[in-house]
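Please find one structure pasted underneath; my questions will follow.
We just call them A, B, C, D and E in the order they show up, numbering each chain from 1.
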Amino acid sequence: MIQVPFFSVRDLVVDYGGVRAIDGVHLEINKGEIRGLIGPNGAGKSTFIDAVTGRRIPTAGQVQLGGEDITQLAVVARRMRGVSRSFQRTSIFHDMNVLEQVFLASHQAQAKDPERDAVAILEELDLLQYADWRAGDLGYGQQRRLDLALALVGSPSVLLLDEPMAGLTVTESRDLAQHLKRLARERNVTVLLVEHDMEVVFGISDRVTVLELGKPLAEGTPDEIRANPKVREAYLGSAA
Amino acid sequence: MLGISIFNGLVYGSLLIICASGLAMIYGLRRVVNFAHGALYMLGAYIGYTLSLYLNIWFALLLAPLAMGMIGVLLDKAVFRPLQERDPLSVLLVTFGLLLVIEDLVRAFWGRGSLSIEVPALLADSIELFGNPTPLYRLAVIGLGVGSMVLIWAWLRFSRTGLYVRAASTDPLTTAMMGVNTERVNALVVGVGTALAGLAGVAAAPMLSLAPSMGADVLVDSFVVVVIGGLGSLGGALISAILLGQVQSFGTIYLPGLSAVLPFLMMIAILIWRPSGLAGNRV
Amino acid sequence: MLHFKYLLWLAVGVLLPQLVGSATLMSLLTQSLIYALFALGVGILLRQCGLVSFGHAAFFGISGYSVALLMRDLELGAASAIVLTLVALAIVAFLLGLVVSRIPGIAFGMLTLAIGQTVYLSALKSRETLGGADGLNINWPSSIFGLDVRLFYDPASMFVISWVVMLVTIYLLDRLFRSRFGSITSAIRDNEERARFIGLHVMLPKAVVYALSAVVSGLAGVLSAIYTGFISPETLHWSVSGTALIMTILGGVRYLWGPILGAIFYFFVKEYVGELTDYWMAMLGAVVIFIVVFAPNGVSGLLMQLQERRQKRKQDVIVRRMEVRS
Amino acid sequence: ASEKDPVRIGAVSSMSGVFEQQGQEVLRAIEFAVEEANAKGGVDGREVAIEVADDESTPDGARRSAEKLAREGHNLLIGPISSSISMTLSQNLDRWDAMYVVVASKLDALTGKSCHARMFRTNHNDVMDLAMMKEWMKTVDEKKFGIIAADYTWGHGSTEFFEKTAKELGKEVKVSLFAPLGTKDFAPYVAQLRDADVDAVWVAMVGRDAISFVKQADSFGLNDTSRLIGHALIFQYLVDATGDATHGVWGNIGYGADIDTERNRQFVAAWTEKFGRVPTENEGQAYNGVQLIFEGVKLAGSTAPGDVAKALEDAEYESIYGPALMRGADHQLQIPNYVGEVAQVDGKLRPVVEKTYPISLYSTPSADCSI
Amino acid sequence: MNTLLSFDKVNAYYGNAHILHDFSIDVKEGESLALIGRNGVGKTTFVNALLGQAKVRSGSIRLGRKESARWHPYMPAKEGVMVVPQGRCIIANLSVEENLLLGAATGRKGYWTVPKIYGLFPILRERAHTPGTALSGGQQQMLAIGRALMGNPTLMILDEPTEGLAPVIVDQLGDIIRQVNEQGTTILLIEQNLHLVARVSRRYLAVEKGSVIAEGIVDPEQIEQLQQFVVV
């Protein structure tokens, strides 16, 4: 494993008007690592992803990818460098058909064979039979998977997933977890996984970071986190 | 010249704010871009004309807005409410259709010619202001503008219904969840908005002339006001109406060549600077 | 198959003037066709970007003025004046589009209204060059693009010319919007934020569509200027933009030909209710309301719905027959 | 009488839009003239048929309506108000095989640079009006003038003329203001005029703007200190819409019920019988225009627009203005012109003719016109 | 005991998405009931069906004496049912106090008044005139509860009130809900936090895939048994 952190965030601060949602977060992830990011509702997990992907401009701090400072880059420029994300509140193209939009995303990510890439992803996420459906007509769970497909397509180098398992059935989330694991191991993709499903988070993460009220509460291996009394109290409770 | 210019700007600004605040309120609650608003202004003026013939202008000023208010409630029940699930563009088109219908109805009832309402005798005199004789009626129009704004503000700020209106304009569902019959609030607001259009029409009539097509100019100016102010925002509309009145008043003196396009240039500049208008999305 | 369809439509357009006996009807059709192209311009902006323009009359009118001026003051030939006008229009509209298409929703409509009115008022004031409120007579040379100018004056032949222009425009637009560019613009209209997150630049395509829509409307303006030989500021007024928008929405924007149908529908309604009463505006208003209420996707949507239903009924009949046989 | 072709008149005027009130007057008079002619057994033994259409006050609408009328055979066109509409119709007369009589547009180019073999004007044009106004100004005492004009072609033309004339006559123009079309609040303009302390104000405005201006000028007491002199201002519709505010306003008049000719007395009598009031300027002018068509049909013995037009070249006939000549060189009807004042007649305010100026004042036909 | 609210085989939809399947529930006067279940099983949809926001295609909803399949959002409040919505839905352009007053829109008289609410949540008095959304998440939750209480409800429905709250505040919340229940208000608590359920509820219903799959009495000693219904 490469030891220089591939992806790092330093002293990140994000404000919403007067509210400080992220308050000095420091995070380093190696290439090919799966990092779990957990914390109570409103801890700032989604905000963190927003700041990293350019949806929100941080008040202070730095985001680096492979040694390059990408803090000020536009969304599109980040995507060109392989930063890809999914959304907590499903964000898809309702009026387009499923294949068309995944193909478009794949093409934009400069995949070598966008068509095959798109089909492969749909296959993987069990969406291929809906390829010619209008996305807005899909069921909620399928829309969640489509959102995920838009994030996964086109070999991203950093994948930030905001509660991807929400809305999936138990088997579906298990399959997805395996897929993420393969991506990380085989294609060296760096994954930041925000998820409330502790079984999944502890099952596939290399390390886990816990946020609370915008500040890091703890970081460690899944076992360490599970055992951490502070985390148990603030977040896990009976889930530990 | 300075004093009288500010004064003149205020007169037109007052008319505009009465008319535009109605437009803003309807947009705020119904999210309807009401193209019929100018026609309603015109209809108000004509109803006022007839009332002033049979009764007198004071009754006209009182009763015409009332009648328009009822028309507004009807409009909400018959048009806006059934179409509330439809896309805004369709509703916009329906209000455009209404505009055509209202204009022709007025032609059918009152004819195509220009009509006029006499300035009420009580206000026919002038007083000396900034060294110029100034018609009392114009002062009264400013008074009416200020008065109705204060009333609306007080209504929205301090009354129970006003609270519901403000709540419903940001979050209709939660407001309803608390037991507020939001449909009734909507009807009320469209009624008040329409009444304001009518009031502006009657108030303008003694200064301008009545013609079926008189709504169009006011409509565009009102749109400018409402959009510059920030759609749906009363405070924003107030500021931009006053601004627009002053821009026109001073523009005619200092930039006569540009005076007609000034409001539009102002709107372009403000929208490019702040796409959601002066007040953003607040009410 | 696709090309066959266009050839078929081409034949329809060429034959139609032969079938229509009445010169009045013919001139009505020609009129509506020119406006149809104008509405198509407004329609593609609405369809591909979800943007509602209240200012397209500016493009419609400016192109007429521009051609007139280029011929009068620079003494260009008609063809080069037209081409130059459309190219210039594309560039200007593209740059304008980069600025204005950032503004979302109804504010965009009002912004375009303001720009359109500024153009209108300026033309009204320009007495020396543009003839002010009285307008300009355009003196066309005896032939345009190698066609005798009289062909452009006669409703029947002008109908065919406009028809061909329209078909070519639709064909090209259809090709374009079926390509990746079409996917890109619909993605942006659908969900601009997501579009950025899959790596799409969102301003550029919008500006391109804006420019395209301006050019299509401008093309209609040129046709109108040739057909009428006259141009005046009224053409630039916002109510003209409004009319084009009504046509567009009446027709529906789901299909490219929706606005075209809308324009024809509009003219015919106006024409025939106008004969019934002096109060044609009220009648037109009533028809507009009726259509919006009962046909959410416009006339074109209604037609397609009817056709689908008929096809279904046909299928039902076939199924039933087969059942009976077996 | 019925075996001959009927005279088919296409009346295009404004039933909606900014000119709708004038359009209404024009149409009323055209219909009156047609009824009157039919009641008298038609024209040249022909019945007169009329078809009416709305020009929506725009050139585009006018062209659509006129084309429809013309192509349906009602190709003797008459009626639009604005000059831009007249311009666009003239461009199409050959195409539609139609003829057009201008009754209200004043732009000189219509009988100048843009004149047309099938277009005739029966009202006065700007050049005629201004020539008369200049003559009249010589008799006016006021020395210091202000100008307020509509901010478009015609208003600027009027202003230029008046500024020039004032200079020649040794009068002073202290302030010239232009109000954009559609101005609603004239207070800033009135304030400037008052500030300039002038004896009289030259007013060149039209339509609703004119109404608003006159009303507001009155409410600010401008009339008390400065006399209003109107260029194409004092119409009946203005008087009706402003009431007392126009009392005592002077200006040029294109037609007045007081014109003292045999035919006008008949016309006014018939009109008064039907409508209970005398005809207005627009009504008189429109009536006069229809008479020209009748004259042409009689002279040509045909209703074909080409024939009628040819027959009208240099035709002389008895009009409500007295003997009139349709000058062949530019198709401008040669009739006297008038200055008048809004005054009380039988308890009603209306423009009254005070001075008549003879045809001899007018310049020769425009050199720009070649028919 | 009277039944305050009952769902009888309700099938509810968002558009064409079938969310509630033959959903049945009875809420008895005075009780404290919990509705538990994982994310996305349809708990909020149950509330939305009651408010007419999810389309009920079959089955019926009875509230007091009224029975209907189509409810307008303002009607439950008129019948004395106040909802503390998921996500709180504090109205941004109203001050804290105005948000409270909005809760009294039905005009039902009873124990709760503004001073009483301030007594319950002193922090709200301090912030009475600041915009409602300038409060922290926990404070907003208090405001939402206070607002619902202002309607003097016979039944109060709380949709995941602990979301985003610090554990200490969750403890407080439990006390308050119990207190309100003892005051005579029926409580329907929608929750995934079983600790809270254990503290305030006496009966539970478990929801899975849009239907009620189990119900029973809450035994605070054996709360782990309910674990299966909320954890994947």
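Keep this in mind: a contact is a pair of C-beta atoms (placed from the backbone, for glycine too) under 8 Å apart; a residue touches a chain by one contact, two chains touch by 3 or more.
In UniProt terms, the chains line up like this: A = Amino acid/amide ABC transporter ATP-binding protein 1, HAAT family; B = Amino acid/amide ABC transporter membrane protein 1, HAAT family; C = Amino acid/amide ABC transporter membrane protein 2, HAAT family; E = Amino acid/amide ABC transporter ATP-binding protein 2, HAAT family.
Remember, predicted model here, so these are calculated numbers, not experimental data.
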Among the remaining chains, which ones contact both chain C and chain E? A, B
Using the touch definition up top, find the fewest steps from chain B to chain E. 1
The larger set of C-beta contacts, choosing between B-D and C-D, lies at B-D
Furthest chain, CA centroid comparison against chain C: E
Can you work out the whole-Å distance between the CA centroids of chain A and chain C? 45
CA centre of chain A versus CA centre of chain D: separation in Å? 76
How big is the gap, in whole Å, between where the Cα atoms of chain B centre and where those of chain C centre? 33
So what's the Cα centroid distance for chain A and chain B, whole Å? 50
Can you list the chain D residues in contact with two or more other chains? 15-16, 151, 180-181
Enumerate the residues of chain C that touch no fewer than two other chains. 121, 125, 280-281
Residue numbers in chain B touching two or more further chains are 103, 107, 260
Give every touching pair of chains, nothing left out. A-C, A-E, B-C, B-D, B-E, C-D
The answer for chain D against chain B in the complex is residues 15-18, 20-21, 23-24, 151, 177-185, 187-189, 191-192, 194-195, 208, 211-212, 215-216, 219-221, 237-238, 240-243
Show which residues of chain B lie in contact with chain E when the two form their complex. 160, 163-164, 166-167, 169-171, 173-183, 282-283
Under the definition above, what is the set of chain A residues touching chain E in their complex? 18, 40-42, 137, 139-140, 166-167, 170, 173, 196-199, 233-234, 237-239
Per the touch rule above, chain A residues touching chain C in the complex are 53, 55, 74-76, 79-80, 84-85, 87, 91-96, 100-101, 103-105, 107-109, 150
Within their complex, chain C touches chain B through residues 46, 52, 99-100, 102-104, 106-107, 109-111, 113-115, 117-118, 121-122, 125, 238-239, 242, 246, 249-250, 279-282, 284-289, 292-293, 296
